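The structure is given below, and queries will be raised subsequently.
Letters A, B, C and D name the chains as they come in the text, with residue numbers starting at 1 for each one.
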Amino acid sequence: MAPPTPRLVVPIDLTKKPWEQKVPLHNRFHPEIPPVADVKEGEMFRVEMVDWIGGAIGDNDSAHDLKAINLSEGHYLSGPIRVFDKEGVPAKAGDLLAVEICNLGPLPGSEWGYTGSLDREHGGSFLTDHFPAATKAIWYFEGIYAHSPQIPGVRFAGITHPGIIGTAPSMELLNIWNERETELQENGHKLLTLSDHLHQRPFACLPTPDGCYLGKIEQGTPEWEKISKEAARTIPGRENGGNCDIKNLSTGSKIYLPVFVEGANLSTGDMHFSQGDGEVSFCGAIEMNGFLELKCEIIRGGMKEYLTPMGPTPLHVNPIFEIGPIEPRFSEWLVFEGVSVDENGKQHYLDASIAFKRAVLNAIDYISKFGYSREQVYLLLSACPCEGRISGIVDSPNACATLAIPTAIFDQDIRPKARKVPVGPRVVRTPDVMKLTYDGNLPTTKNPSASA
Amino acid sequence: MAPPTPRLVVPIDLTKKPWEQKVPLHNRFHPEIPPVADVKEGEMFRVEMVDWIGGAIGDNDSAHDLKAINLSEGHYLSGPIRVFDKEGVPAKAGDLLAVEICNLGPLPGSEWGYTGSLDREHGGSFLTDHFPAATKAIWYFEGIYAHSPQIPGVRFAGITHPGIIGTAPSMELLNIWNERETELQENGHKLLTLSDHLHQRPFACLPTPDGCYLGKIEQGTPEWEKISKEAARTIPGRENGGNCDIKNLSTGSKIYLPVFVEGANLSTGDMHFSQGDGEVSFCGAIEMNGFLELKCEIIRGGMKEYLTPMGPTPLHVNPIFEIGPIEPRFSEWLVFEGVSVDENGKQHYLDASIAFKRAVLNAIDYISKFGYSREQVYLLLSACPCEGRISGIVDSPNACATLAIPTAIFDQDIRPKARKVPVGPRVVRTPDVMKLTYDGNLPTTKNPSASA
Amino acid sequence: MAPPTPRLVVPIDLTKKPWEQKVPLHNRFHPEIPPVADVKEGEMFRVEMVDWIGGAIGDNDSAHDLKAINLSEGHYLSGPIRVFDKEGVPAKAGDLLAVEICNLGPLPGSEWGYTGSLDREHGGSFLTDHFPAATKAIWYFEGIYAHSPQIPGVRFAGITHPGIIGTAPSMELLNIWNERETELQENGHKLLTLSDHLHQRPFACLPTPDGCYLGKIEQGTPEWEKISKEAARTIPGRENGGNCDIKNLSTGSKIYLPVFVEGANLSTGDMHFSQGDGEVSFCGAIEMNGFLELKCEIIRGGMKEYLTPMGPTPLHVNPIFEIGPIEPRFSEWLVFEGVSVDENGKQHYLDASIAFKRAVLNAIDYISKFGYSREQVYLLLSACPCEGRISGIVDSPNACATLAIPTAIFDQDIRPKARKVPVGPRVVRTPDVMKLTYDGNLPTTKNPSASA
Amino acid sequence: MAPPTPRLVVPIDLTKKPWEQKVPLHNRFHPEIPPVADVKEGEMFRVEMVDWIGGAIGDNDSAHDLKAINLSEGHYLSGPIRVFDKEGVPAKAGDLLAVEICNLGPLPGSEWGYTGSLDREHGGSFLTDHFPAATKAIWYFEGIYAHSPQIPGVRFAGITHPGIIGTAPSMELLNIWNERETELQENGHKLLTLSDHLHQRPFACLPTPDGCYLGKIEQGTPEWEKISKEAARTIPGRENGGNCDIKNLSTGSKIYLPVFVEGANLSTGDMHFSQGDGEVSFCGAIEMNGFLELKCEIIRGGMKEYLTPMGPTPLHVNPIFEIGPIEPRFSEWLVFEGVSVDENGKQHYLDASIAFKRAVLNAIDYISKFGYSREQVYLLLSACPCEGRISGIVDSPNACATLAIPTAIFDQDIRPKARKVPVGPRVVRTPDVMKLTYDGNLPTTKNPSASA
């Protein structure tokens, strides 16, 4: 009759570096990264996590640390965790693993996070052609609420969630990933329809031993040498889940992950106190250390039963998510729209990425009329619970995308008004401490990855 | 002290053809289409509307009427309505027109609608490469609820809204539209990054006298001859609002439209009883006859005050929307995900359109496991209040898009289950009457517009 | 394949008096009031209704008409409607009648309503000892929103619902009602625990021929003479449903009514555009003319299956309600509390009525600090969508009741503030036109009903 | 720039008895109970709490421990906490203390709670005449969800809140309490209008040295002897807040408490994982150990500014509450109604307590048709997030109260159905372990407190 206190399977000691943790972390997906813990179906367990880049970003006034990070170290993940059913039989390829998020939050004593954008030369972000410099904002948590000294006048309840949760790929699936991403990396520069800014960013992040951590497999061993060259980077979401960044995956949610290897080998990380749809500024959620309390169920044969492969092999599937019932109630939303005409006035064909880019830019321009710098708004929209929607995707040639912002997060009324009451501290609200540290030259159209 | 009964400014007689209405309709955007009514700031007025294609689609068992429509007749709009302030001064270029939706609904006696997809050769839809045939489902309304004999086992409350609401463009803005869309129409076939299916659809719908109605300007007059060749088609949403298809624009919403011509010349139409984000099957909402009760406010100089042009001219702006407080409460959502890898396994670069396509296809495949044909689900997802989100748009190379479906619209539990209770009438639920009428040959990769 | 346009079974002509309507109205419950219409299970039908007192209250600046009404005329109901199953067999005693509200609203051309309190000598209201005078506020509807010239600075979306919906009682049930209410009327003055104000109101409203309308039974006939003396008044809700005033019974709701007579004989009326929990000022909702579009289902034997009688006979049951999914989203609520200590400081024992009275009084006092008279707030809280809860009912001796008010209905921030920014137009907001017309003498403690 | 980790001002060691805690607890309200901690305006601090009765109830299969508790020991409170402004000046009588709940939850390692009702002879509960025996159910927490082995088939997200939060009374206010409650205790038996069951419970809980704890004041000292005889019991909510049991006071809520003594002397306790409106079974929430993370603000002079005394002295006020934005979304509710006719068929006059009792009894009877015992449902409705409303309080003679239950908490569809599909495991769902241990004789009408 003992109560179901969650068993701690991955502890984090914040006084240590990510590679010094007692239960070692990893930052790649590969079938041969050994599990660090076993759990049983129905059992509640607790996983603690460092933030995506393992403590490299400080609670300070400068964005210089963001410029100094080694991107190939992200994301530090906790796991893999091997899942068994109640009879002790492991999950098997072809099963579905249902993972329920029972509880989550920041790590006690670490109630803060940050939102940042990277330098254009350093990987950039969604709007890197408009915001080429690294920027950073710190957020402090007061229970469910976050506020930032760099973005005053704003406070909101977070919808906390893991940015990354996924199973290990099989070798076959891993090969598919590496092939298709290499193809893009090599031929992406031939793409014509995307707006220029996107070309300024790397097309793909291919396997690299640089900064690679593989959990129990020690760096420098032959095993590490082999795996580090083929293990998938964690940047994009893929068939195994991974970095989906679905902002509503909070307490009470359930994630149905396909199983590709025996035991499922569940990994998770990249905790977000809050995120806007799109996570536009790249490390754009409120990134933090955190914990998950989870419960797993194995649906035997569930891949075949519930998922339909789409593509050349049976492995081309995607997870399914069930959103939990708890969210902040917002009653008023201001909605910004974009269509697939780019900033140069050029018409694109049903391109939702460009339409969404326009919607975000429109929102930034609008809100910056209320006393904020455009950089402040860029980070805010990346971090606050705003909703990015595809409203229309059929009406040639314009896709129509929207970004909806809950008005209650502001301490002033940001709606358009006929009677021009001076709307808030339009000029005085200068950022306290945010440093814009773009030290590079003026933006060029050079594509760093294409030339690499 | 008389109560604010709305004044009927555009009446519709459903026994008449769209071109026979007492207050004539139009189906193009052009600055010289004459207003049919004047309204004052603060006054409530009522606008009635035929469905987008003017009654050409019948409440019957066949999709043949969908194959017979003249696409260039859509969308029949009510208006233009000229707006004056309380002193009698008209709205002027540079103002913002705030339009509040006080009430809306189907026309009394016409409590039904339809959802359809077009034949591939006839314009197609978002998934035309997967669903090349015209299909149709009829929906009957029981107050706030809709149900369909073609898609049994589903019932939901609609979030009713106008698909189209917009102001008249200035001549300068119209020219911009025509130039950029002509450029795309002529050079779109050179695009490389879009998946094949999109190339099977027209790139743009350029001005054409065919099926053109210009309100008070009679067909065949010299004025009509001139305008019909330059007036913009109503298919895509643009700077003036237009066909935005924002599904939450229901009662209590407010739309802030830029004003480009004196009087603003507000037009509206394309009423939807309900629509899913994306409106994926093209005439994909629940299309119906309907009415709006509106109230306008003029925000003088509001374009400069609140909108930031993005592009070569001050006209490159987008409207702003404020979503009303009334919506059905759904507590559980099942979420399908897609990344920017296409159905052939090819990797694309942060392409939200492809990611969203995958999410929709995943949802169709999944739900079709519960006793539905894939055509039924395609129409359902186009019509029901599902949410299409851009979850992540920065994690190269995969954009991650999601489609969230409220589970309560089904009369069975559609969630994945470990204990395989036979999930619903998996086989017996055959469509009653939906006719799939694709008479063409097998899909080809020919791009009809490119070859035109 | 005809669409399900609702069949109009009770039309209302607003140019006529309630007793002149083509389909005659009634204002009593009695098994022998003849049905005016038959409907079939599954059929959608439309019922139109006058406001509760049949047009006696005008859209004007004075509460004098409220003083002139004949209370025994309320409530004018539409029906009774006899319900048959699809085979033509009527509902029978012992069945449950499930009534779905598909649609509802004000009558077209009559988009206004009023909230009032009665003079103490005329029946009073919940707070008649604090507000002895008749008061009145007019509300105008702009679609889903209501606003009042008498209560400026407030606007809210209504949760529209019928105040009364019920079946006809059997003769046996009617006798039970008359006996127990007569007993109270005769002995109620012996009650000690209620605070004085309640004693100033009638204990019960017993049958009376005065102002009695019985539908098809003409006044003055022997049948009318007999029935009018025994038919139940419509003021209180009872076993048959009736005047329940459940404010969330809006579109999409379902009401499960016990059936006591053949055909069920459904009656409805007392439409409210909006109401606060408690309806504290008596004609305290936003009273209006209106319509319902309904659909019935008969659950054979449902009373025994689903309802458990509680009391001496099997007839002591209550209906069940299913609340629809559509409501305005409010995110912030200010909550006022009361405990069962009365205004004289006297302790009562777990008395929720007194606790709720205190909560309402606390709310009135608080909000009146923001520029309103106490009479304005009293009417407002009776009409707006505020929630009255029983928070605790076990902690002797204090019941704890709360009244929660959505803050978004005000055009100013009504929350307590540390920095005393002058909170709103505290003085200038004088009522435009509300007339307080209490012409009587000072309040006395005389109980008008006890002395009758 | 240190992040706002909350400072722990009252730690709890669950291995120790409540009277052994390092920072001593108290279970009375009195101005002279010394503060145990000081906090500053704006500072986040953490308060830990034992459950209301200090660990006397075990996680086991029997209700015997509920019979053994000493009621006069409840509720163990943490505090008093003295509040200072940023300049170090304490809160003063006449101020308002705004307390924001930033975070809360069970104590780590103690993720369980219980719901119980007391024996009739032991204090009883709201329905003690129907449920005279002590009963108990254990709940286990899985993150936001609770489930009970004693009430299978039910699972819900809790709206966690403190049952008690309040300031210290002044001596003047304390005297008022003691006088009015003594008066009731002595003369309550003369009350006639309340139904019999209520008379079977104590009218009031007057001061008693029995089981009295006064924090830093040691038992047996002269100070303790004096204070223990005059200090108020914590059972009822009063002017200082206290045991309000407002179930929505969860994260993000703000409580505006009147200040009666220097420093405000804030106390809190009685944590509830979840509670239904009314908390009908007395220790009827899900009682647990827990913590609060709080932040205070002093509104100088706020009592006069915002509260209006109602009664003979300026002290007759009530706190104000602001409900936070986070709650589970429920879309369907089944609503049970009661009117003020008691179980014997006797008519009462606008008595909301009786109406609510009937609503609760109706709900219990209904849900017990779905495989539950009535005792199971009684505890369930006391613990789950159901809403108790006062729907109508003016329609003589019937108050109308409702209890709304979210249908999603059940694993079966509990709505009435026409086609009698066997609704769930109607018989088989027997309680696993709940022990009903009513060992007394049959209920009598003897009022134990009146005879005391």
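Definition applied: a contact is a pair of C-beta atoms (placed from the backbone, for glycine too) under 8 Å apart; a residue touches a chain by one contact, two chains touch by 3 or more.
Here is each chain with its UniProt name: A, B, C, D = Formamidase.
Since the model is a prediction, treat every value here as computed from it, not as a measurement.
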{"item": "A-D or C-D - the one linked by more C-beta pairs in contact", "value": "C-D"}
{"item": "Centroid distance [mean C-alpha coordinates] between subunit D and subunit A, Å", "value": "41"}
{"item": "Approximate Å spacing (C-alpha centroids) for the pair subunit B, subunit D", "value": "52"}
{"item": "Subunit C-subunit D separation of Cα centroids, rounded to whole Å", "value": "31"}
{"item": "Per-residue multi-chain contacts in subunit C, two or more chains", "value": "325, 328-332, 408"}
{"item": "Touch-based graph of the chains, sorted into line, ring, star, complete or other", "value": "complete"}
{"item": "Complex contacts: residues of subunit C adjacent to subunit B", "value": "1-6, 44, 59-61, 100-104, 108-112, 138, 140-145, 157, 251-252, 293, 295, 324-330, 408"}
{"item": "Of subunit A, residues touching subunit C in the complex", "value": "328-332, 408"}
{"item": "Residues of subunit D touching subunit C in the complex", "value": "96, 98, 125-126, 176, 180-181, 183-184, 188, 190-194, 198, 201-205, 235-238, 243-248, 256, 277-282, 284, 297-300, 302, 305-308, 310-313, 316-323, 325, 331-339, 341-353, 356, 358-359, 361-362, 365-366, 369, 387-402, 404, 415-418, 420"}
